[in-house]
Amino acid sequence: MHRFTGSDRALALLILALAGCGFLILVGPVIVVLVTSFTSSRALQFPPPGFTLQWYRELFDPARSAQIHIAAGNSLMVAVLTAVVATSLATAAALAITRSRAGWARVAEGGFMAPLVLPGIAFGLASLMFFSWLRQPPSLALLVAGHAMIAAPFALRTVGASAAGLDPALLESSAALGAGPWRTFRRVTLPLILPGVAAGAFLAFVSSLDNVPVSLFLASAQTDMLPIRMWGMMETALDVRVAAASGVLVAVAFVLLLAMDRAVGLARRMSG
Amino acid sequence: MDGVRVRYGQTLAVRDVTLGVEPGEMLALLGPSGCGKTTLLRTVAGFIRADAGRVLVDGNAIDHLPPGRRGVGIVFQSYALFPHMSAAENVAYGLEARRLPKAEIVRKVEAALAAVRMESFAERRPRALSGGQQQRVALARALAIEPSILLLDEPFAALDRSLRLDLQLEIKRIQRRFGVTAVLVTHDQDEAMSMSDRMAVMNAGRVEQVAPPAEVYDRPATAFVAGFVGTTNRLYGRVEAREGEDYRIRLDAGATVTAASPRGFAVGERVLVCARPEQLTLRDAGDADPAAFPARLRQSLPIGPATIHDLETGASEIKLHEARRGAPPPPGPVRIAILPGATPSIFPEGETA
Amino acid sequence: MTEFRRRHLLGAAMAGAALPFGGARAQGTTMTAAVYPGGWDEALRDVLAPRLREQGITVAFEPLFAVDQIAKARAARGNPPFDVFVLDPGPRVSGIDFGLFETFDPAKLSNLGQLPPGQADAQGAAVAAQVVGIAYNPTKVPKPKGWADLFKPEYVSKLGLTGFGTTFGTISLIEMAKALGGSVENMDPLFAELRRIRPSVAAVGQPAAMPGMFQQGQIDVMYTNTYTVTLLRSRGVNIDFAVPETGAAAFMTTMHIAKGSRNIDAAYKYIDAMISTPVQAALSQAPYFFVPVNKDVTPGADVPMRSISEIGNFVTHDWAKINPVRPQWIQRFNREMAG
Amino acid sequence: MTENGVWRLALPLALAQMLFFVAPLLLLAATSFATDENLRAWSLRAWRDALGDDFNIASVINTLRLGALAVLATAVFAVPLALVHMAAGPTLRRVILIAAVLPLLTSVVVRTFAWIVILGREGVINATLQGLGITSAPVPLLQTEHGLILALTQIEMPLMLLPLLAALARIDPALLDASASLGGSLFRTLRKVVLPMALPGLIAGATLVFASAATAFISQGVIGGGRLNYLPAQVWQQAMVVFDWPLAAALAITLMGSVLVVAAALSLLGAKARHA
């Protein structure tokens, strides 16, 4: 609605052009994957010689893709548990950090973010070494713990952003009205920071679902994980079901995203 | 402003408003929220493009100019001070954008801050200033660019009541001293009445009356204005006779009153008589004056030198304002008459407020 | 407050989570076998696992590449995450060096007679052969004659190079070194040539990415095994296998029992079933295309041999000699290519 | 809970990180000073190999450079996208937001294939360039640093875009009107008002992108290829192929240390931007 002068118009055009390019860069590869998933060829191929739903049918076929379903189930379960664990830990920590004025809070915040900068393979290898040293065989619990370490910083960030906007007077008035800390958390704090918590849980979920390096070391025969299975399918045989599985993941996450956005305005709070 | 019209989707936010502001004058745009006053202000500022009509300054159209080239200074409701800049940097912003020499900027910033008595807070960030202080910095920032028009968008809405009056007086004083033409948008009639030279009362995208505050109060042009500015009692009735501009009206409440109006009403036409609380007077229940109508006194509240009487007649409520004389009468049946010499306004009955 | 809830939640979640993963422990024996991800994984699940179920053995497969198996078993320090390894010669020698295997008794294999002599020893048993040569796109480039051809300009710009990280990569690079006048002891001629062609090679790196690049036309020539070529062609990729003039190289994929395994009997039965004639026959067919080690099974059409007995005619390598120098080759390859 | 006791809420995460993150890390550090992974004897050999070698030093520099370039590239596109988002209506806003999180939803496995398709010799970009007659021969993109950075721009963009959007959402639209009414051009408004206020988000995003791009092992390997030399690949190769775990550990710690230094510098800058 602003009217621009000549140089302003040039700048606005530049911004629009860059934003357009950025949009293409974001969306292009996803479109390539989705288009490829409908290819009528027997191997991943782009552009597809023709289109078919065959690979989705095959992917959903309980007999032919049983192992993918098991791996997907494992990955989903680990991702859900990771989201729950990481978000709970991060929510408590975020409340502590935002409500404390002490210097330790700044230091702790930095420390809690450290797992983000450790290369995944190094962390996976170190974890496996450590747990073997403790004579703990790879297990679901360890896998979730490893994933949660990587996911917690993301959750801490989003919850922290939400919690920073929390008026301490609300908590005090709740306490003054005779509510215990737990009731205050459940009835006042949680509803107010829910968008941040939901965004954090979503990021934790997604980061776990697509984790290769940590899963590679901490997964076991009983916890066959989807990204690792997909890696194998892709590498040797260019199996189109990999693209179809990705298409399903995008669709599911997309629906989840819209639903959550509708519910809590998720997108606005994706990060702090 | 010449026939300005702004359309938001299907709804007309501003309908063909033509409005002039005299140099050095402060004009208040008064109206309920959603009446189009802020839209009009933003059109003048250049944030909104009018669908029809023109905005002229000194006879020159400025519609084609971007906001920054219109010579318009704005004080926003939220102040809109740049939080990452100090008070002085905020004031300097518009001057830097005009590429003035550094020394001149420094001088003008100092002068503007001094004018609003904020010179000792020049290095403070907005976060470290109180609401009133932020308000003054915002004013200094708007004035520093020496605008031909100063636009004030509900500038006091976010302030404490006690602070408001002081600032209103101060802004008025500064505006006078700078001789800057100003437009004030507000929904607060007291603010509009105390600050403006003339006020434009808006309703549903239209300007209903433009006049000095006293005239708006005493001679509202429409029933809406009568209702929105000040308190009014609505009495319905029928025109019984006409003599020049004087009408004899038979009120539904059971009295016959005389009132003047430049508007022409036909004998027998239904009308609405709007009487201010101070234009009415209380009589004993036994009073036989045909110009008085019966009512029931519910309670009387002494407020300062006056007494407010809360009455009802039929289904409608009446507020009556009298100087305090001894003890108020006890609640119960009374009669109400229009004070001799009072000039209630008459409108056609269909005109809603 | 929150602590309580969290512990509660965590406990419940773990308890719930334990069910599906622990559910596999039904009656009979349960063992875990490492398996290459992708084609091998599917093949062994489809063909081998049902055979063992008949014997009351439930197999859980853990998809891991050879190097990952060694790394994981080593990190686990005698507490192996799986009972059986499947390895190529390079990692096999590493496994022997690190003492990751139980001593293997070939006599316990009822199908030992089906293997060519020497293919089962105190370390483990061969379960599949791999034949390595040159893969090319017949619609884009003429058939290469030998390893040296890859360094000619018409191939270089379409060549996908992988390093010494994989067994087939190592073997191919050694063969190239020989074709260029070098040997296992003297790889200098190879590295000199690699340095020369480095700027114009179409792709260098991750073996995992090569099939995708081949399919998408980024590269038209690479070195790989017959298994990959047949698999890709079966999926409609334009790819053919060329046997170099100096002969295709071959090596054995072997299985080993992990040291500390608690399912040694089941592990023997698993390996025994793997080399049995019906399993080998099924695995050599579409869609698996393994090169059988069983003398009674005929290899597929792409494999340049009529029976595993001809394995002696193929170029083979001594991994006990290669392994000690391989880290240096890897380093050197990295450095030459990163230039 | 009183203000004094509130720190206890941070305990669960702190303890979890001690056990599942710090402890393995310490073991990794110990391994780097050992002769082998069983920690039977101590030696500085791994560190001498890791730091006394020009090739590894070059890897460190390349890796940090890649992180910096990825930050730059994501910022170039994310800032305009965030600005358009700020100015857009609700529908376009939602579209941009969904695009912003899309890369998080595609598996890293398929994403690598997508980039082969896009960057390849016969890929989408080359086909477009040749189709438009801009180039006559295929431009090498796959397995070049440019190509890798382009791919990382997509992969890491959400980490830049999301904090930016959050930061811009906190800007009162009246500030932009104020700037415009004071005669600020679009450029001036962006430079003096929007960017300074978006800075905390920009720095948060830069930190995340830097850390993630510098350690993006799979993308570096597949899209970058063997001619580009980054530290994560060295770590992987030493650990998984050569089995020299002390060296792998030393390299991993070097990588982590150098990324941490940059991340710490950025966050210091961020704290300054917040308080300045």
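Chains here go by letter, A, B, C and D, matching the order in which they are written, and residues are numbered from 1 within each.
Note that in this section a contact is a pair of C-beta atoms (placed from the backbone, for glycine too) under 8 Å apart; a residue touches a chain by one contact, two chains touch by 3 or more.
What you are looking at is a predicted structure, and each value in this text was computed from that prediction instead of being measured.
Here the chain at the heart of the shown protein, by mean C-alpha position, is A.
Ranked by distance of CA centroids from chain C, the top chain is B. In terms of C-beta pairs in contact, A-D outnumbers the other of A-D and C-D. One finds 86 Å separating the Cα centroids of chain B and chain C.
Separating the centre of chain A from that of chain D, both taken as means of CA atoms, is a distance of 16 Å. Between chain C and chain D, the centres computed from C-alpha atoms are 33 Å apart. For the pair chain B and chain D, the distance between C-alpha centroids works out to 56 Å.
Across the assembly, chain B contributes residues 46-47, 66-67, 69 that each touch 2 or more other chains.
Listed for chain D are residues 1, 9, 12, 37, 113, 117, 180, 185, 239, each touching two or more other chains. Shown for chain A are the residues in touch with two or more other chains, namely 2, 4-5, 8, 44, 46, 88-89, 92, 125, 129, 133, 181, 231, 234.
Listing the residues of chain D that touch chain C in their complex gives 1, 9, 12, 37-38, 55, 58, 112-113, 116-117, 120-123, 142-143, 221-222, 224-229, 234, 237, 239-244. Within the complex formed with chain D, the chain B residues making contact are 42, 45-47, 66-70, 72-74, 76-78, 80-84, 93-94, 97-98, 141-142, 145. Listed in rising order, the residues of chain A touching chain C in the complex are 41-46, 67, 73-74, 77, 81, 84-85, 88-89, 91-92, 125, 128-129, 132-133, 135, 137-138, 140-141, 144, 180-182, 185, 216-217, 219-224, 228-229, 231-239.
Within the complex formed with chain B, the residues of chain D that make contact are 172, 174-175, 177-185, 188, 192-193, 196-197, 276. For chain C in complex with chain A, the touching residues are 1-6, 9-10, 13-14, 17-18, 20-22, 24, 32-33, 36-39, 41-42, 45, 60-63, 68, 71-72, 75-77, 79, 81-82, 207-208, 211-212, 215-216, 228, 231-232, 234-237.
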